[in-house]
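Two complexes are shown next, each including chain A; its partner changes from chain B in the first to chain C in the second.
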Partner chain A sequence: MTAPLLSVRDLSVTFGPVRVLEGLSFDLAQGEVLGVVGESGSGKSMTALAIMGLLPRGGRVVAGRAVLEGQEVTALPERDLQRLRGARMAMIFQEPMTSLNPVLTVGEQVAEVLRQHRGMNRRAAHAEAVKLLRLVEIPAAERRVDDYPHQLSGGQRQRAMIAIALACRPRLLIADEPTTALDATVQAGILDLLRGLQREFGMAVLLITHDLGVVADFADRVLVMYAGRVAETGPAAALFAHPQHPYTRALLAAIPRLTGPIAGLPSIPGVVPSPMDFPAGCRFAPRCPHAHLECTLAPPPLVPLPDGVAAACILHLERAS
Partner chain B sequence: MTDVPLIEARGLHKTFPGGVHAVDGVDLRLRAGETLGLVGESGCGKSTMARLLLRLIEPDEGVLHFRGEDLRALGATRLRQMRRDMGIIFQDPFGSLNPRMTVSQLLAEPLVVHGIGNRAARAQRVAELLTLVGLLPEHAARYPHEFSGGQRQRIAIARALASRPALLVCDEPTSALDVSIQAQVLNLLGDLQHRLALGVLFVSHNLAAVRHLAPRVAVMYLGRVVEEAPREAIFSNPQHPYTQALISAVVDPGAPPRRRIVLRGEVPSPANPPSGCGFRTRCLRAQRRCAEEKPYLTEQGPRHLAACHFPGQYTMAELERAGTAPAHS
Partner chain C sequence: MAVAKRVPGTWSRLLAHPSFRLGLVLFALVALCGLLAAWLAPYDPLRNNFRARLVAPGEAHWLGTDRFGRDILSRTLYGAQVSLRIGLAVAGVTALVGGAVGALAGFARRLDGPLMRFMDALMAFPAVLLAIALAAALGPSEVNAILALSIAYVPRTARVMRAGVMVVREFPFVEGAQAIGASSTRVLLRHVLPNALAPLVVQQTYVFALAVLAEAVLSFLGVGPPPPTPTLGGIISEGRDYIQEAPWISIVPGIGIALTVLGLNLMGDGLRDALDPRLRDAVR
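Moving on, here comes the complex of A and B:
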């Protein structure tokens, strides 16, 4: 097997005394789509920002590392990171309106990346920007290139963001809630676009979302996070068909569906704990129907299970031994 | 039959400054104790509709009756009295609760406004309301920031129900909540609807949540209701092309993939809607008649209405001709 494109090992991130991410490990192969799902406070966005070297002020990688194509990105100085960002790894965010610069045209923002990383002159960059906007299926790209972000619809702004992110054909695209702010029918179009481009370029995608539907639609593999740790990981089809961690099971059961019987939703009691008071042991234990004393003593390790699934639950540990 | 609907709107119109025709001739009826789901995407006018029904904003045109009384003709005093029978909750439970008031003050305020009960009776009602929404009477002394998002939404619900309204309007009540919390709040709303025999207008962009709570569903597009039917009919046999696209865009994780209808283009601006049918610019089936003639809601089946000149489910051939994306596995 070839080396993974991105390898994250035992990554931990703190804000002051608060540990928001703990011992996170996963691999992402070339051209693979990994969906990272979790509710608020699960640490999924912090994972993305740590890899990009974009942790907010006060955030620090205190243990572990992220390695992209053999290069330890979590140890690089800002200068080197700047060279990587946009060129080999790029990121798109939930709200394209706040991540696009309102006083520059869309074309100028695409061209900026091209001039910075690919050394193009103004004219060549402009021409390439039009091509990129066409690639992301913005109609009348040659006119739209001179529009400002506010002149575009939400879906088109997200397309423009994707154009900027893809300008240098990165090996890794991190998409943080890329369709959360969009309507369902617009979301469907954006996911189709991302899927097409991902296949065309053989690009790996780290898809971060709270929406299990989006993950089921797009991801090859899934990483379910809860309260700063991995709860379960595995191939999307296997994980959605036979979820192994009580949290994954509860989460899937709690979603209202478009088919099947209509009854009370099996909801998860309580709330996601704040990083200020993560419980000892398994962090899901206070909300888990199967929890017993042992769950509160030590964090359960990820137990490998059939079909490439692994779940961090003591139930599986007991069953295995 | 003394079947006066709880709320009835006919030909409701609302245009905002700038010529934005947010609600363009909508009819809605809600019986006492009934739940109606109102779905649509951003800008379709569903939230404006929710506010019009309570006269939180003034309609420009149309008939609006609450329990047979002409709501539009009421003076300020009578309207305030009527509001006792109406409650509303919003998407953001942070923005709709005054952070400087305790839960007790927040829940008692509607009672004070409507002159219900003395101090002791109100305190008792506050405790009762907290229990009703799954919180504890001890929570009364706390402030909104001490609660999680889901708990705040429970407080908002308790406040909306304080004066024992007959109608509860819910505008995207679970959209800001995590999945595990969304289920709790949906269950609570379903439970309250039954126990209190509430009339509920459930406004949401989340089709699955609407299916869960509402036995009858109306779909809005560009300021108009394009389809309305019992939930079984709307989800298993949608007649309007827009409803079909909307349903096809939802992915149920773990369920077999559906064929997806990807709409071309964008929602037109409500300030400058297309002639004829508002959906025709994105419809796979649009013909000349659709540009010339506005379709009105007509009966497609028992209690099943759709506003389309060429209603009916898309055929496989139509979808293939349009080159829509095949189902993904």
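Moving on, here comes the complex of A and C:
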């Protein structure tokens, strides 16, 4: 097997005294789609921002590393990161309404990446921008290219964001909740587009979402995060068929079914603890139906299980021993 | 025009704003008087005529003459030109210097403290008093008046710019620009600044008005452009000793100042309403 495109090892991120991400490890192969799932506050977005080197002020990688194509991105100086961002790795954000600069035309914003990373002149960049907008299926791209963001719909803006992100054919695309802010019908269109482009370019995608449906649809492998740690990871099919971690099971159980009698909407009792008062042991223990005393003593390690799945739950550790 | 294309309807919204319209008319009136002074003025504003001293407004001199027999209408027209020139220069200089200081302070946190404490130190003095002291120290001349007034008013502009930049800096598209590898300089100049300019434009109309007013104070106190250069404040000052016999000497340029400041402030209010997204619907 060839070396992974992106390799994250023991990554920990703190904000002052607060540790929002702890000992995160995963690999992402060329052309693979990894879905990162978890509730708000589980550290999904922080993972993405740490890899991009865009952690908000106060955030710091205190341990571990992320290596992209042999380069340790978590240790690169800002200037080198700027050369990678937009060129080798790109990111699309949740908010298409505010992620584009309102005073520049869509074309100018697509052209900006091209001119910066591919050294194109104004004319060539503009022509390429039209092609890119066509690629992301914006109708009448040659007219839309001179429109301002407010003249586009939410879905079209997200398409424009995708055009910007893909302009330099990055090897890694990080999509942070790319469809969360959109209508359901628009969501499907954007996902289809992303999937198509991912196959066409063979790029790896880190798909961050709390929508398990999106993951089941799109991802090859899944990483379930809870309160800054990995709860469970494995191939999407295996993980959805036989969830091993109580948290994954609870998440799957919380998806409303369209078949059968309508009961109440199931939910996981409680909320994700704030990073200020993460429990000492397993962080899911306070909400876990199977929790017992040992769970509160030490964090459980990731236990390898059949089918390439691994779960951080003491139940599996006990079963194995 | 770029602005009109960027935010469709800004101009039409402005022109529909009653106080902006009134302000524009008043300011345009004064500005035209100043610009066209050379053609409009019936007399040379500097020529003495001792046979026509302190003549009351009438046929020969529509708005009377001063103690040297100089035509007040002509002097006021040229005075408006000088005063507006100084006001515009001050608005321009403070926009450049204050804009740069404010943008750096708002964007680069390390510079924020030093720059803004210095601005605070300047702001601790009442602006007019500071301008008078500086102008007195520098000596009376038009350039020195511009310099003194610019120093006095630059902190206000810097504060407004800094606040605007700090707001825009947090918008998601700034993160988006960073995510495509834009450098800090590029992010500031191309993505943050253009989105933070609206409050600055509004602020500068007020600075313009304040500078015209403060320039009148400087001239009145004799630390503005030296005589015989006519400035609105200078003419008022010259009429001070004759306020009983020849009140027109001071009244006419006084009206000029009032119209300028009123016009600019009304325009500023209109601009503020038109450019403030929260108030946009109210104006429509």
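Note that in this section the second predicted complex is superposed on the first by the 316 of 321 C-alpha atoms of A that agree within 3 Å, B and C clash if a C-alpha of one lies under 4 Å from a C-alpha of the other, contacts with A are read in each partner's own complex, and residues count from 1 in each chain.
Here is the rule we go by: a residue touches a chain if its C-beta (ideal position, glycine included) is under 8 Å from a C-beta of that chain, and two chains touch if they have at least 3 such contacts.
Predicted model, so just to flag it, every value in this text is computed and none were measured.
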>> Based on the shared chain A superposition, would you classify chain B and chain C as clashing or fitting together?
In response: fit
> After superposition on the shared chain, which partner residues are touched by A:189: those of chain B (first), chain C (second), both, or neither?
Replying inline: first
>> Contact-wise, after the overlay, does A:21 reach chain B, chain C, both or neither (first, second, both, neither)?
In response: neither
> After lining up the shared chain so the two structures overlap, which partner does A:145 touch, if you call chain B first and chain C second: first, second, both or neither?
Replying inline: neither
> After lining up the shared chain so the two structures overlap, which partner does A:215 touch, if you call chain B first and chain C second: first, second, both or neither?
Replying inline: first
> Put chain A at the vertex: what angle do the Cα centres of chain B and chain C make there, to the nearest 10 degrees?
Replying inline: 80
> Is the number of chain A residues in contact higher for chain B or for chain C?
Replying inline: B
>> Applying the document's definition of touch, where does A:197 land relative to chain B and chain C: first, second, both, or neither?
In response: neither
> Looking at the overlay, what does A:51 touch: chain B (first), chain C (second), both, or neither?
Replying inline: neither
>> By the touch definition at the top of the document, which applies to A:155: first (chain B), second (chain C), both, or neither?
In response: first
> Is A:91 in contact with chain B, with chain C, with both, or with neither (first, second, both, neither)?
Replying inline: second
> With both complexes placed on chain A, how many Å separate the closest C-alpha atoms of chain B and chain C?
Replying inline: 10
>> Show me the residue ranges of chain C that touch chain A in the complex, using the header's touch definition.
In response: 6, 109, 171-173, 175-183, 190-191, 194-195
> In their shared complex, at which residues does chain B touch chain A?
Replying inline: 41-42, 148, 150-151, 178-184, 186-187, 190, 205-209, 211-212, 235, 245-255, 260, 262-263, 265-267, 325, 328
> Which part of chain A faces chain B closely enough to touch in the complex?
Replying inline: 39-40, 139, 153-156, 183-189, 192, 195, 210, 212-217, 240-241, 250-252, 254-259, 262, 264-269, 271-272, 287
> In the complex formed with chain C, which residues of chain A make contact?
Replying inline: 52, 54, 57, 81-87, 90-91, 93, 95, 98-104, 112-113, 116-117, 148, 161, 164-165
